[in-house]
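For reference, the structures are reproduced in the following blocks.
In the two complexes below, chain A is the common chain; its partner is chain B in one and chain C in the other.
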Partner chain A sequence: MKPVTLWLAAGLILAALICASVLIGAASLFSGDVDGGLLIAVSRLPRTLAALLAGAGLALAGVVVQMAVQNRLVEPGLVGTPEAAMLGLLAVTLIAPGASMMVKMSVAAAAALVGTLCFMALARHVPRRDPVLLPLVGLIYGGILGAAALWVAWTTDLVQYLGTWMSGEFSGVLAGRYELLWIVAVLAPLLYLAADRITLLGLGEDAARSLGLNYRQTLLAGLLLVAIITAAVVVTVGAIPFVGLVVPNIISRLRGDNLRRNLPLTAWLGASAVLACDILGRLIRWPYEIPAGTIFAVFGAGVFLWLLNAAPRRAHA
Partner chain B sequence: MPLRDVLMPDRRRLIPLALMLTGLAALFLAWNLKAPVEFILTLRVGKLASLVVVGAAIGAATVIFQTLTENRLLTPGIVGFDALFVFIQTALVLLFGGSVQAAIPPLLQFLAEAACLVAVSLALFTLLLGRGAGDILRMVLSGVILGIFLRGLTSFAQRLLDPSEFAIVQQASIASFTAVNPQVLTIAGITLILALGAALWLAPSLDAAGLGRQTARGIGLDHDRVVLVGLSLVGLLVALSTALVGPVTFLGLIAASLAYRFCGTWRHAVLIPAAALIGAAILVAGQFMFERILGLQSSLSVVVEFLGGLLFLFLLLRRSAR
Partner chain C sequence: MKSIGIVQPDSEPQETPMNRLATLAALALTPAALAAQTVEIETYAGPVSVPQAPEKVVVLDIAAIDSLSALGVSIDAVPQFTPPAYLADVFASAQPVGSLFEPDFEAIASLGPSLIVAGGRSQAQVEPLSQIAPTVDMTIWEDVVGQGRARLEAYGKLFAREGKAAELVGELDAAVEGAKAAAEGKGDALILLVNGGKISAYGDDSRFGWLHSTLGLPEAYPDLTAETHGEAVSFEFVAEVNPDWILVIDRGAAIGQEGEAASAVLDTPLIAGTTAGQNGQIVYLESARLYIAGGGINSMLGTIGEVTEALEGAAASN
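On to the complex of A and B.
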């Protein structure tokens, strides 16, 4: 497909999804019971934007993590980043319950960064020869952090909070309560500028250094980006698993590995897929809702199983 | 030395384990016992029985499962057996409605659910895990993701349920050792004894199957039949433990690793009872610590997950370092 046609198609799909998302919901826009304009401004539009931003951010974070550990079967959700962010959130909720959203988010991002760096340290000890080992270690690492968070929440009666962070859904999104997610829109262009460096990161430490990359600095910057995006998503809508795994894999299968060319497409697919899941969640049991995170988990786990078993192995799958 | 012990020297290892479990059980029952003695004892006996049944079932199931898959990292919980059980329960409620569910006697219901689990798990796991015996890690990861997939499907199905029907399912999906129906407990206890008997009968075949498919077939074992029977037993044991208290992922891993370490044998006639005893002892000791000493309620399963996860990571990395 020519780039122009591709982008036209992508734009059309996105526009259709946005229209559908604005129009579909428990209350009808045209019945006259509610002020349609107000409904759109306060609920529908913020919700649509939140889904788009969260999806794009998670997909981009997935790319960075995959490059950083040189493994295609990993994503932030599989290396314990959301669980670490939840631990940070729990800590700040316990120590300073009245802290502002921004403070909570910063603490969560810091915790997420520490958690991800711990995983990177762990990953150094994992042999490279089997690409499947690393996601397994990451899953269990995340599970241990999750169990710790659950235990803390249990002893302090915060299990309900934990529940809202663990399952990503957009029904609670209103104007004024999702704006943190705009961080994604700020960070995405930065990532685009650094795309070539991130590509070099994916070649491994030795190759990247020999090509003149400041490996440590780039790695730290990339992981900081991942931590901030993940923390923002967890704080505002809750964790959505598998977005960062499935989307970059589909894109790289279709379009190869040129990151600078692919990043916009990755962001687009992540945003569209999450928004589509949210719309689907609103439709299946109308007027009740199913969390977008649940729908994506089912879909994403299915795709992951397929990636793992049916697909031919790539050079560094 | 008596002849029996010459033939089976490892079996003596079971004695200290049995003594330990008895001691723990006595401690669990007698600690700080106040009036009304009879009432408290009844409560404690019920709880103790459910802990022992669940621990023993999970321990035995894990040893059988690890031999069949020739992999000491796997447990039925890690590859999503218990997620499958909760999913089947949810699907049954979704298909037939909660009222039908309530009308069926518990025994019939349990047997039907267990049969479903055995059938579905046989189909699924031979499909997914059978061909990958050479590629163990891929198999483990597939299993883990399958578990996530099933849990996702379950929570999806639960969203489609009425609140009252949801309550029925939720009882099954959270591990709790506090409220167990005595009738279900009796059924589970009898099933456990029968399943353990069958496992001991299967033990010599399992010893042979542990040599690997090629070798086992070479010495005349009907390997496929052993896998079929063994997986059915695992399904049954997991079904009964999940029906009693809900999913406990990593307990089996701890129990089985300790059993290998403590017994130092490959005989399943020893390993299976040893893992069962250790599994039961861990749960009884853990619950005792939590409830009586630390005064915490129902967070035992979380701690078992935490420690089991650490053990899994350790085993995985040590295995890969070699």
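On to the complex of A and C.
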């Protein structure tokens, strides 16, 4: 497909999804007692933007993690970031339950950052010869943090509370409650600037170093981006599994690994897919809600399985 | 992390003939049941005979602890659990024996109880517990107030405190009548559970449905289907339904900060724009009591009192 046609199609699909998202919801825009303008400003638009930002952010974070650990079957959830964010949220809920949403979000983001930095410190000591080792370490590390979060929640009767952060959904999104996600919009251009370096990361430490890349610094910067994005998503809408795994894989299967060329498309696919899942979740049991994360897991897993079995079509590698 | 999904504190109770048989069989085989004078009481699993006025009692259900302590029955062992504030004394003076879901069987056995009261969250343990001592399943489920009253009467019979039980039942009936009278012409209500920034709505056939059905408070959205855990809804949904009253249950408030977090979550123009929001008719219920000890006599009297007080404070709206 020619780039112009491709971007035109992508733009049209995105525009259609945004229109649908603004028009569809539990309340009626035109006939109800609720003021339509208020509804769009307070609920529909924030929700649409939150889905787009979360989707794009998770997809981009997925790319970085996959490049950093040179393993296509991992995603940000495997470096313990969501679990660390949950621990931070639990702590602030226990210590200052009345704190504002923004304070809670900030504490969780800080905790996620600390958690991810600890993982990176741990990663220093992991031999890099076997690329599966690092994700495995991350899996165990995330599991330990998750177990700690569960223990804290269990002893303080907050297990169901913890549950709301584990299922990503947008029903709670309103103006004033998702703005942390704009971090994604700030970080995405930075990622785009660093795309070539991140691509080099994907070649492995030795190759990257021999090409003149400051490997550790680039890795650190990349994982910091991942930590911030993942934390923002977890504290605002909850963890949405699979996005960081499925979307980069689909794009890479179709278009190869040139990040600078692929990043915008990856962000687009992540955003569109998550928004589409949220719209579906609003419609299936209208006027009730099904978490977008659940819908994405169902469709995403299906698409991913198909991808694993379909023959790759790499026109330009 | 997936395993969290299994730990729901309110799984559907299962009443199987096997359960019932096992309980009865265990009762028949226990020497204590033969020696002591027995009394037949109504339980979730049907009528069973148990020794009257048992001396050592283990109670593994919060609603039962509520009702038994209201009757003045001394409880020897309770689950390890952060109780609602009004039950703190009862919990402090009893021995903890494991969690609601996983009782410490050894500790219970070494206590040598003459009766174990289980049900609700500990219902799945009724059968294994009945190998230790006579165990009654006092689950309160479908009809909270009706079953709560029946359990209280059963406890009265069991511990020979029928007078006190009848008195409390009378108090309960009067409270329900008072609430019904207060609800007359005050409009409809929506029950919302607030949990970490997200909300779900509960209908009249849910675990909180008795607030509608027994107290005569009409549903603002009658189509709400039977869902133990409520239906996840958006703030838009509440705005569209536009209830006259919103009854708020704060799931996070189990840790003691009543209402604070829930009111922050509900602080949005969409909620403020509803009739409930404009008339100051958003009622924050004391959730630990309602959520955790639902069906206990003190729990019911307290919640009904809260609702009645709020309703009485408002002028008739339509």
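Everything that follows uses one rule, which is that the second predicted complex is superposed on the first by the 247 of 317 C-alpha atoms of A that agree within 3 Å, B and C clash if a C-alpha of one lies under 4 Å from a C-alpha of the other, contacts with A are read in each partner's own complex, and residues count from 1 in each chain.
Following the convention adopted for this analysis, a contact is a pair of C-beta atoms (placed from the backbone, for glycine too) under 8 Å apart; a residue touches a chain by one contact, two chains touch by 3 or more.
As the structure is a prediction and not an experimental result, all values here were calculated from the model.
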> Looking at the overlay, does A:Leu150 come into contact with chain B only (first), chain C only (second), both, or neither?
Replying inline: both
| request: For A:Leu162, select first, second, both or neither according to whether it touches chain B, chain C, the two together, or no partner. | output: second
Inquiry  = By the touch definition at the top of the document, which applies to A:Asn258: first (chain B), second (chain C), both, or neither?
reply    = neither
Which partner chains sit in contact with A:Gly98 here, chain B, chain C, both or neither? Use first/second/both/neither. second
Taking the superposition as given, does A:Val137 touch the first partner, chain B, the second, chain C, both, or neither? first
Worksheet item: With the two structures laid over each other on chain A, which partner does A:Leu305 touch: chain B (first), chain C (second), both, or neither?
Response: first
| request: Give one of first, second, both or neither to describe whether A:Pro287 is in contact with chain B, with chain C, with both, or with none. | output: second
Touching A:Asn214, do we find chain B (first), chain C (second), both, or neither?
-> neither
Larger residue footprint on chain A, choosing between chain B and chain C, goes to C
* **Contacts of A:Ala297 with chain B and chain C, given as first, second, both or neither** => first
Interface residues of chain A shared by chain B and chain C, listed 143, 150, 154, 285, 288, 290-291
Contacts from chain C onto chain A in the complex sit at residues 1, 4-5, 7-9, 82, 195-199, 231-237, 239-240, 242, 251-252, 254-255, 257, 260-261, 264-265, 268-270, 273
Counting only contacts in the complex, chain A reaches chain C at residues 25-28, 32-35, 38-39, 42-44, 83, 93-94, 97-98, 100-101, 143, 146, 150, 154, 156-166, 169, 171-172, 174, 176-177, 282, 285, 287-291
In the complex, chain A touches chain B at residues 73, 125-127, 130, 132-133, 135-137, 139-141, 143-144, 147-148, 150-151, 154-155, 167, 241, 284-285, 288, 290-291, 294-295, 297-298, 301-302, 304-305, 308-309
Note: in the complex, chain B contacts chain A through residues 128, 132, 137-138, 140-142, 144-146, 148-149, 151-153, 155-156, 159-160, 296, 299, 302-303, 305-306, 309-310, 312-313, 316-317, 320-321
